[in-house]
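Heads up, the next two complexes both have subunit A, just with different partners, subunit B and then subunit C.
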Partner chain A sequence: MIVCLAVVGHQNNPLYIQSFTEADDALKLHHIVHCSLDVVDERVNNPKKSGPTINEAFLGLLYPTENYKVYGYLTNTKVKFILVTTDLDVRDADVRNFFRRFHAAYVDAVTNPFHVPGKKITSKIFAERVSTMVKSFGLSPAS
Partner chain B sequence: MGVKRKRFGLLQTHPSVLILTRSPLTLSIPVSKALYYISWLPPPLPNPATQFSPVLIAWQNAELFTLTYGAIVRQLLTDLEEVEEVNKQLDQMGYNIGVRLVDEFLEKSNVSSCVDFKETAEVIAKVGFKMFLGVTASVSNWDSEGTTCSLILEDNPLVDFVELPDNCQGLYYCNILSGVIRGALEMVSMKTEVTWLRDMLRGDDVFELQVKLLKQVPEEYPYKDDE
Partner chain C sequence: MVREVAESCVESLMAEIVSSYCKGVYANKPELAAPRIEAIGFQVGHRLSERYTMDRPRFTDHLEAIKFICKDFWSDLFKKQIDNLKTNHRGTFVLQDDWFRWLAHMSVDPSLVTSGSIQDPSAMAENEAAQATGLHLYFPCGIIRGALSNLGIPCAVSADISNLPACSFVVRIKV
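Here is the complex of A and B:
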């Protein structure tokens, strides 16, 4: 189950943070997201493969904590998507798929002429789409 | 085709308009045609591929058109700050576009003269909107005298991806369309009043434009017969 989704801008400024649990640990999740940014920077600055990488966008599992797994996705404009999930047996393909759809929703939100790049995403339609995607994550196998 | 959403490009096509584009496009005829109607630059050379639909050629350029219009509205809001002023300005811009557009429309579409206002409305909805926006509208709600009708648009390329922020709730985002219709009809001797009844950006399910014919102005000749 996805507990938190975050979109972080290229200057590490938060553009969208949403937690999906009823419990009141939003602060802890924000802290996890913040720490994962360091891991992202590390991955970006020291690429594992020295040759050309095909899909640099999906960063994969950033680091597993005691209860959570954190996945990262980096767009070409250095906007990062961070996904925190409590599922222990999440498939890589599912996460990639999710990030792809999330990226599409993000692009639609940013294309709104009233959205200021660099400011928080205030689109209600984006929030609704994201919560629909989160609900259906992991319920049906990747199709 | 399938445009992959990879990079954003920036185009500064006019001193006050900076367009964020989906893909790095070079300036092509559709953009300059759009600017022609808006800022009266010299018209571009006709290109057989673009004969029929000046601004909307393929669906990739449809996004550019949508983004251009969004940039214009944003810039007007920044410059004028008052929502009512922006509405008026959009209407005025639409009027200026309409008076020029009607000649192109009549030339390309080859429709014969309309017998009455009902036929005019049908032609605008089916041929005009199709030619310039790529969507057809439907005509309904005729009043008893046949001078007022509603054009219903279910699909509007101008408003793809747009959400009105809370401080712009009085904005008629597509007001340019009402100006275009008013301007075009004035050039064919019909004085009309065009208002928005329903607006999808405000929560309604369709766009509804009410077109009211005020009067038919016969041709006036500037000289008087000498007696």
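Here is the complex of A and C:
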């Protein structure tokens, strides 16, 4: 189950951060997202020779904490997507798929002429699309 | 659901932007029209680059990004690629397009050549053409600048017209 999604701009400014739990630990999730930004920078600047190609957008599992797994995705325009999930057996392919659809929703939100680049995303349609995607994450088998 | 618009509408819109900014909005200060049009192009290029870089792996250096602009970006926008790319390897690139789509249907009336200087009519005509159509190139310059700055490359873009409809865009990367 996805508990938190964040979109962070290229100057590490938050563009969209949304938690999907009823519990009151939004602050803790924000903190986790913040820490994962450092991991993203590290991954991008010091590519492991044996790891995946440095040019791929999907960065994979960034770091596991005690209850959560954090996945990262870096677009060509240096925008980072961070996904925090509590699932223990989430499949890589599912996460990649999710990020691809999330990227499409993000592009649609940003091409809105009333959106100011660098400011937070305030589109309700984007929020609805994202919550639909989060609800269906991991429920249907990979197709 | 993909919505389509006739290309003639896009061309008319481009021409009308230039015309209304130069003669309408900034009629008293025509030199302010060019940066305004370029800024509109910047916003458009910024958003277009988000969309067109979606499924691609990340770029490793400036040259890759410029090649992306010359090939994929240009063919998504104008259905053809840039015909010639030159660089001085020190941050300046010249992108040459031999048949720029938005200028293809433009022509300059040769009878508008001012009387008086008749030494070299062909040069005069070329000059007139360059001046008249130069304004129409600010928007594409803005598009290129917006796309590159969204990819993390701040730059300045200017355009020259040698002969219609060929034109070249000079990209100078700011260090």
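Miscellaneous remarks
Simple rule for what comes next: the second predicted complex is superposed on the first by the 137 of 143 C-alpha atoms of A that agree within 3 Å, B and C clash if a C-alpha of one lies under 4 Å from a C-alpha of the other, contacts with A are read in each partner's own complex, and residues count from 1 in each chain.
The criterion applied here is as follows: contacts are C-beta pairs under 8 Å (C-beta built on N, C-alpha and C of every residue); 3 or more make two chains touch, one makes a residue touch a chain.
Since we're looking at a predicted model, the values are computed, not measured.
Of the two partner chains placed around the shared chain by superposition, subunit B and subunit C are both touched by A:Thr111.
Contact with both subunit B and subunit C is seen for A:Thr77 once the two complexes are overlaid on the shared chain. Looking at the shared chain after the overlay, A:Lys124 reaches subunit B, while subunit C stays out of its contact range. Look at A:Thr132: by the touch rule set out above, it reaches neither subunit B nor subunit C. Look at A:Thr86: by the touch rule set out above, it reaches neither subunit B nor subunit C. Overlap of the subunit B and subunit C interfaces on subunit A: residues 76-77, 103-104, 107, 111, 113, 117. Interface residues of subunit C, counted against subunit A in their complex, comprise 43, 46-47, 49-51, 53-54, 56-60, 150-152.
Residues 76-77, 103-104, 107-109, 111-114, 117, 122-125 of subunit A are the ones touching subunit B in the complex. For subunit B in complex with subunit A, the residues that touch the partner chain are 5-8, 20, 22, 67, 69-71, 73-74, 160-165, 168.
Within the complex formed with subunit C, the subunit A residues making contact are 10, 53-57, 74-78, 103-104, 106-107, 110-111, 113, 117.
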